[in-house]
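Report on the following structure.
Residue numbering begins at 1 within each chain, and the chains themselves are lettered A, B, C and D in the order written.
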């Protein structure tokens, strides 16, 4: 075995506090080390060439580079050794910069530490084995989960790029949150007017297969080859027959159904089409309110339906789709008003949330776009907006900012003034966060042109006095307590993750944070990738986001998928587990603990049952290796022997 | 049914200014078969003064009493006074969280406290351990004219990490207990507003203004009586009502009763035993308007207890 | 402390690649100074850490062993640290039964962004090990 | 005995193999007995010397079998089933309620290792005849230690049951008192205790071979030394390593049948280490090995929120 050791000075970054010459010298003493040297910048082109030349000249078969973190340059050096015709897995890195030279001042101790760490890397590399990727075919179809603006954008971009798209939307219509908005900031564009055409595009695009009112039941497989089971939830209306005429909705005698689209601001019918621009524009029965389901008789809709589309016996249906990549664009939820008892949320009818107010402002909303407060239908004169309801409030467990509330409050305050010129709006805020293009100007317009009064402070309590609501809060700029007599109070309630976000994440095997938002691969440089290859993120499922950010991410995720699908075959990462069937005793504990279902039982010709790794599914965590009692299953490149070699090398340090 | 035994830590106020709270609560517990036992040789919890002087002292005073309860072999202590409750609960939680504190405190007190007791307020016991039907069963009188504003005060539910009971900002336990006893409760927005507490000693006017708001809101909410669960709240709202009227130019005549007194009344305990006559603002109209409950649920054999004297 | 006495003890750390190894990198990039005793082994996941690695390290001469992974719920492999938590907790409770002070073995969670936390963990743990001194497991009397 | 043989015949008709006991080379040693022919049934016995946990043979058997289990042994079966090492339909269980077994070592010491020629049991006493004399002992004085703290004298799983149910008054705390007592010793004493005990180990692997849950058998890493967790050296640290391997691999799996300790030729209290882990498994996961078929061994599962595992502060 001929190991070459290359110690990097990293200019003065390493050489300043580590005696690199001494480290190189010490390494020469290790049996099996054929060459040991230092270089000022090993990652530079001449530095890499030095390695390549040395491999050829000294016939090196293993290489250790002691430099910065492998998280930084492992790939660089792997490619370098590969250029010298060495298998890329014959490279190990010792991190003597981030873990040594940058965190210790004592040169002597740093040098000793570096010697140990490089020796450990040498010990490991001697146990390395050449590994080879295998290639596999991929299905060039993409699944987009979520039909909000981010998911629609992703679906449309993928379809434009020539891909077949499966779009799954949980609710009866695509459109998401944006379809519920009245106007968008800072341009005061009509939201549905700009979104509607996109929705129609989705419906008409031949490459997009839309599953509305459907959810992801199960995801099997791996990048390039997923098998997705989709649950088409029962709508009790045959959508092939339904023309969306709306006759059923008109005649339905159950008039008190909860209106999910309008966030319960007014009731709807038990059979309904969520909103006029819905895509697909089809009716659906809510069995929680339908008299036929509750009392067993009614059947008005069935009688009246001109196409006989009503089917009370409809059941959920499971369908399977094969795809090669998945874009998750499941969006967000909002904290319910009942979470704010100190504001009388849920108790006082005129304390509503921002999205509910959006529906009141909207011409196709329950009030036809006339601002009427829910309790008595009167036009409010004084409207109070409270920002950060739940957001940035550790006491409710939400330390983060909900991103867009400052902006929509300004917008709603402006619209209020437009609708009711005599009205006066107040905004209680913590900070005004308006960093987007044209955003700050917009919030200033609200204050300067529309006379919205911004009060910097929190609201402690809301209580009724007669028909009014008294909003009591602090004005921290004046240092006084203030009370505002309001007719209507709008809470900018916190953005939270979907209640079933964690469940979906587990099906997709992607990570999510404490708040249920999905975690991207790198916060700066890989914003739409996840750590599960083949699964991408778009929009607010990753964290609160406004429309332009969501749309950008939708396009970004689509471009990632298009890039992925530009190849005809994919290369697998060979750092996966491998079972030695001669050692395996078939206890199958690895099968039980594998988080990816990547290990299965296999019967050998002699009838013995052993474990077998499905290489393409294995993610390389190594839980199986630490589970296996007899060492039969080994995670390649992090085998027991490789790690033990490091431990023994560590122990030989003194 | 509920035959649990609880330790009962009355605390100083209930032995003096709030005797009617003590008496009425004991009567109510007796009728509900809630067995209570006072720890022997209990001492003052330290209330607000202790923790403003020395946190260790505050913790030790609480822990000493909890240790006594532990010795009795009981795992729940009822502390009806919210201040006592908070002090005991805080001592318990602090010692549970921080082994250092536990060590220090156990060094100062006679016998170590081993964290085996949960302090609870009287409200919590009646809300969580007594089924509402059981309260309803005991009702023998109704008071149709009565409309009560349930006033919890600052600390019985706050801070939530100490109280670990009910909603901190919009508690409902007292509402529900009174409702199950057939007493009409109004929607009262100032349930947890501050009455001014002990500030009355230093700056009477502040208490008067704060308590005024509470009483005014009770009146605006349509209540003709305020129910409380804290001796200090009771004192500020009842004893100082005259002061408030003078300062604010109002003419409040709203009786302020402990919720246990109200329960006692409808359970048929004599007003005298319940200390109704000890109230400053006259509450006699309440006793006068009592009448036999029409719809009596269960418990037929129980008759209203005879009036004393 | 080691800087004063220059006497190091043998501490080995098993760090998961995705969180804690990154956290140690972050600490380095931020120049958060740490005692020098620790030697780090990179593993893909804390779930890869066989409790027997820890035992082996002690028996081979380690005075302290540190394992650090992603915070629960944040595992790159979704469940690895959950397994690690159970197995390492078992080991932590087993070690003192054999007379090895359980403070010599610490397992914790440090994310890639928690450079400061990593500095604290290393500093505190090194302090603990120096407080305990070297681990001695010596040959007993030979039996006939 | 008649009942035993009847049951064995009944099961044999169904399985063609019944694993039971027969008398060994002397009256105080029983030996495992594989009944493969009807005629062998006659030799089967059950007495105070049927010490072996016969389940050890099951996981690698390629055929359906009947098996005799005492209460303690039955836990092994449940553990096997939990781990999927055997299939329930492949085994017909004849359970035996057990009053305890004799610790042959104790008996041998009492009779000064003289050859035993006859044994007769009468109620609570046992008469032992050796070549030179006859002695009588109280049964309890010769019972195996594990039987004195037995909580499961009756099989927890069986298809056929032999014998009257036996009542156990042993509580969990009583069964683990020895561990708790040992843990009261200072750390140094514990280390020196194990240094002395494990120092005796000759690495014969008898404990491992006797263990029904040591499923690696010949592929045991202590023996194959690949992966390199330990070397073949007999220095103290390697002996420690072997015992740690054994203990850690049995974490949440050991059913405390005590076969390891019985098999150890040098008398190392091997079972103590496993009992310690079992104590922690109960404390941490409210899990007891070999009790419910539907339980999951705690090392092979997890909860996102572990109620009992607190983060450790430095």
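A few comments on the model shown:
Please note the rule applied: contacts are C-beta pairs under 8 Å (C-beta built on N, C-alpha and C of every residue); 3 or more make two chains touch, one makes a residue touch a chain.
Predicted model, so just to flag it, every value in this text is computed and none were measured.
Among the pairs A-B and C-D, the greater number of C-beta contacts is found at C-D. Remark: chain A and chain B have CA centroids separated by 49 Å (rounded to whole angstrom). Mean C-alpha positions place chain C and chain D at a centre distance of 35 Å. For the pair chain B and chain D, the distance between mean C-alpha positions equals 60 Å. With centres taken as mean Cα positions, chain D sits 51 Å from chain A. The set of chain B residues that touch two or more partner chains is empty. Annotation for chain C: residues 51, 56, 60, 73, 79, 83, 87 touch two or more other chains. Under the contact definition stated at the top, the residues of chain A that touch 2 or more other chains are 593, 627, 640, 644, 648. Chains that are in contact with each other form these pairs: A-B, A-C, A-D, C-D.
Against chain C, the residues of chain D that register as touching in their complex are 182-183, 187-196, 199-200, 229-230, 235-238, 240-241, 244-245, 247-248, 251-252, 273, 276-277, 280-281, 284-285, 298-299, 302-304, 306, 309, 311-312, 314. Residue ranges on chain D touching chain A, taken from their complex, read 62, 83-85, 215-217, 219-221, 224, 226-229, 249, 299-301.
Those residues of chain B that touch chain A in the complex are listed here as 167, 169-170, 187, 189-190, 193, 217, 220. Residue ranges of chain C in contact with chain D, taken from their complex: 51-52, 55-56, 59-60, 72-73, 79, 82-83, 85-87, 89-94, 96-101, 106-109, 120-121, 124-125, 127-128, 137-143. Residues of chain A touching chain C in their complex: 69-72, 95, 97-100, 102-106, 108-110, 112-113, 116-117, 120, 506, 509, 511-514, 519, 531, 575, 593, 595-596, 619-623, 625-627, 635, 638, 640, 643-644, 646-648, 650-651, 653-654.
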